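Presented below are the structures under discussion, each in the form of structure tokens.
Shared chain: subunit A. Partners: subunit B in the first complex, subunit C in the second.
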Partner chain A sequence: MAPRSTAQKRLLKEYQQLARDAPPGIVAGPVSEDDLFKWECLLEGPPDTPYENGVFPATLSFPKDYPLSPPSLKFDPPLLHPNIYADGTVCISILHPSGEDPNQYERPEERWSPVQSIEKILLSVMSMLAEPNPESGANIDACKLWRDNRAEYNSQIKKHVRESLGL
Partner chain B sequence: MSKNPFDRFGVDVTDPTDWASTKLPRLSELDSLKRCYICKEFFTAPVLTVCHHTFCSQCIRQYLLTNSHCPLCKTELYESSLKRDMLLDEIVTCYKSLRPFLLNLLRENEILVKNEPDIEKSENGPSKSNKRPAPVDEDDVIEVLSQGESVPSGSSTPEAQPKKKTKPESQLPALPGKSDQVACPICNKMMSADILQTRHLDDCLSGKTTPPSSNGSHSRKKAGASHGIASFFKKESPVPSSSSSSPSTSNSAFSKAEISQPVGFKESYLKQVEKTNSESVKKLPKLDFQSLSTPKLKEKLAALNLKVQGSRSQLEMRYNQFYVLYNSNLDSSRPVSEKQLKSTLNKWEQSHSAFNTESSTLFSSRASISNRSITSKTFSVREWLQVYHQEFRELIRAARASAKKDKKSKAKNTIDVIEEAEYVEVSKKDDSRPQQEHGSTESKVPQLTPELDMELVDMDFADDIANSSLFGGT
Partner chain C sequence: MDSSTVIFVATLAIAFIFLRWLIAPIPQSNEFNIAEAAGNTSTGQESNNSSNASNTGNARSRRRPVTDSMVEVVQTIAPGLTRDQIVFDLSNTGSVELTINRYMELGNLPYPPNSARGTNSASSNEIHSQSQSQASSRSATEATMESNSSPKEDLAVGDSTSSSWEADKSERSVSLHRRKQEMIVAARRRLEASLKNELDLSQ
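For the complex of A and B:
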């Protein structure tokens, strides 16, 4: 099967690039080479954060008109974080469709544009893990916990990390 | 690292990192500079924006259908302001044609220096059968059969001129025991010089599949060992050329490769500029769909010999896609025929979800809404109520009438109790959806079962449902 669409070609290219030279702590690739629109990735928790030592699986789903539209990223199992919805879907500006923000909150240059890449998304997610943005919270409970009771927030995450590692 | 899973896709996946393992890793910078930010491919018909960014014509035009600023710097941008960059077009085309040679030369050198087997190469060995014949194929390491090459080519290769490449090749006679075979300069298959010259080279250059032949050995050492392949070729070529004749044939093969390039890149560039300045090409106009009736839109499509069937949104998308394809083709120095554009358009339609049946969101026709599951995310209660408004009314009327009949025979109080009890039971039985809390009666409605309780049969319920979050809203 030869890829026909721009999306498939570009995904292949990004796959190759990531396979050859991935940034530290990031592994990503299509679940099956027959469907390049579903990716699986493993993100390492950034050091000096409660997520340290954790390895978090997530799935990337690409629209057919990628790279014109952004993919969506979902942690599976969900991760406790102010910018991750309870179902695991990540909410950061780079994953929002390009153009003006209807809420006038994000600047257009922060949002998705076809010149971004999967690598950049995953790097942004890594830095999001390190530095939550409570101003545009997706998970209100996590936001509150993060703001009001950081110790409890940290310990809950550490517990999750330990459990996910099977310890 | 070098496990190459991309072979099976039958396309070239070239990448700037291809250079990382060569003698000149910095060439990857040059490589990435010639790539479009959107598709990550080498530029095809590059255009320059007002903000001095360059993209493939098709990529940026497609993007500008829905956006109005540069994807890189967010400067306001309109399609009409895009300018062709013809020189870059030629540079990229030229680079693309040289890339495999250059890559080969620089890799070859490294291997000779290191004198260790390359993993990629040993990989390619077993995959002979499904190797593609594509002329530019960087993933299959291209090797030129020469031993003395490592010495002089170090200085000559970075210049990347077609002429220079004949130089290492001319040292072939120094090679002992491999007189009868030369590597195709394009696909690197090993074959006799005769076959190469007479049949293979033309095919290879025009991108056709090459005649059945072995895919050749890849490293110099391996080539030396593979006499089986050599004998295979001896059968085909009438007289295996002697080692002394080999350089001349291979040289002429190379010069042939150069000649078969119809016009040099420089000439092509100058011609193109002249041509563009002298004639004014007509681009397709952008259509304002809002002020265009469907018959008028169909007229426009028919005038372009495009298909006119499909829903309104499909027609619009078809026009837009053709508009992008057509106009970006005009930006190319090597435009393709309109027929080819149309087949590209057809392929695009086939692969586009909006032209397949699953994509119901685009059309609000009744057929599509009934196909949608109530539990699906895109389900809209309001839409559903609108579409089935008439049916709801009739059912209510029927229910009222039958209830009246019942009333005559039974006392009113008992009916209510019985009916309600029955109804709850039934709805519990066949309501498979998860939202049950208080909604057994309400959730029943869209399924249009006639057992509606009289208490509920009131037109107000429609609004209640629409407002309730029972179905997750619109």
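For the complex of A and C:
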């Protein structure tokens, strides 16, 4: 077997852990084991939210210096949510590079560090789906809709869920 | 032969032997001096642990000296780790680079087994068993890091659930694909049921 870099060893180990003992509602793994830096995951929408019963595909892209730098997570197709950019990229504190937040919004321990893991990222995203954080909004339209017209917001997501599952 | 020549040759021989004797023990005694110095410079609770470490260092030659500057380097890169974890791992690896590599791969470092005890009254027997358990835990983590795990391990870990770690690359991707399919099918079924419920309620 070809010698692996630290990043590859770490990714393989996290893949192994997620394959053996994945948290409920999460399936994640590399698209192909020849390229461990590109992952595809499926996240189930948390129950008792408009995302309930949905299965949302997302891609994780890892930098070559993982786990020093955080990966990026992108929902494909994009998902309507205050903390997800219109192109599907997720904006949460755990995916931000380690260190102090220049805007002082996030505590350093909330941000990325090599102690975190893919599992923790995906669990954070699940709780983000359940509880949007409108203070650090990424998608202004979704923020407005969520704040001003919750019924429309919910029905748009339910429609997205139905269409994505072909029902 | 001239007596001065004899004296000269004898002096050379004695000087050579003396120098050999002088040079040989230096690295070892230096090592322990550094370890003790590290124990002295650190404060409070850590000084217990460090002196523990230097005790173990006497008992066990695999222990390496840990200096404050080494700990600081690791702590800068890994602010989430406690000092004890870093000192413990550095004393095993003896190298900042190796410890950081281990941290990057594991995402964490093991806690020292004697962290709860904190006193240095441990007998040499205890220290010996500790070092054995360290060695076994290290080999265990190394074993889990091996990409090709033995089938025996698979049976032990993940036979009850559908998720497990297959030995073969393609089998793994097939199982990943299968789990994704199962998730989608289950979600679809649930959504179908809930839509039906809504329909029933509205009628």
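Methods note: the second predicted complex is superposed on the first by the 165 of 167 C-alpha atoms of A that agree within 3 Å, B and C clash if a C-alpha of one lies under 4 Å from a C-alpha of the other, contacts with A are read in each partner's own complex, and residues count from 1 in each chain.
As a convention for this text, a residue touches a chain if its C-beta (ideal position, glycine included) is under 8 Å from a C-beta of that chain, and two chains touch if they have at least 3 such contacts.
Keep in mind that this is a model prediction, so the values were computed, not measured.
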Superposed partners subunit B and subunit C on subunit A - clash or fit | clash
Between subunit B (first) and subunit C (second), which, if any, makes contact with A:22: first, second, both or neither?
-> second
Hey, is it subunit B or subunit C that touches more of subunit A?
-> C
Touching A:12 in the superposition: subunit B (first), subunit C (second), both, neither?
-> both
Now for A:32: first (subunit B), second (subunit C), both, or neither, which partner does it touch?
-> second
First (subunit B), second (subunit C), both or neither touched by A:42 | second
Scan A:113 for contacts with subunit B and subunit C and give back first, second, both or neither.
-> both
Looking at the overlay, does A:54 come into contact with subunit B only (first), subunit C only (second), both, or neither?
-> second
Is A:165 in contact with subunit B, with subunit C, with both, or with neither (first, second, both, neither)?
-> second
Give one of first, second, both or neither to describe whether A:67 is in contact with subunit B, with subunit C, with both, or with none.
-> both
From the options 9-17, 45-53, 63-71 or 189-197, pick the one stretch of subunit C whose C-alpha atoms clash with subunit B.
-> 63-71
On subunit A, the footprints of subunit B and subunit C overlap at residues 1, 6, 9-10, 12-14, 16, 19-21, 33, 67-68, 98, 108-109, 113-115
Which part of subunit A faces subunit C closely enough to touch in the complex?
-> 1, 6-7, 9-10, 12-14, 16, 19-22, 25, 27, 29, 32-33, 42, 44, 52-55, 67-68, 98, 108-109, 113-117, 161-162, 165-167
Which residues of subunit C touch subunit A in the complex?
-> 78-81, 101, 103-108, 144-145, 147, 149, 157-158, 163-165, 169, 172-173, 175-176, 179-180, 183-184, 187-188, 190-192, 194-195
Subunit A touches which residues of subunit B in the complex?
-> 1, 5-6, 8-11, 13, 15, 17, 20, 37-41, 59, 62-63, 66-67, 69, 71-74, 347-348, 351-353
Subunit B partner contacts - residues on subunit A that touch it in the complex = 1-6, 9-10, 12-14, 16-17, 19-21, 33, 64, 67-68, 98-99, 108-109, 113-115
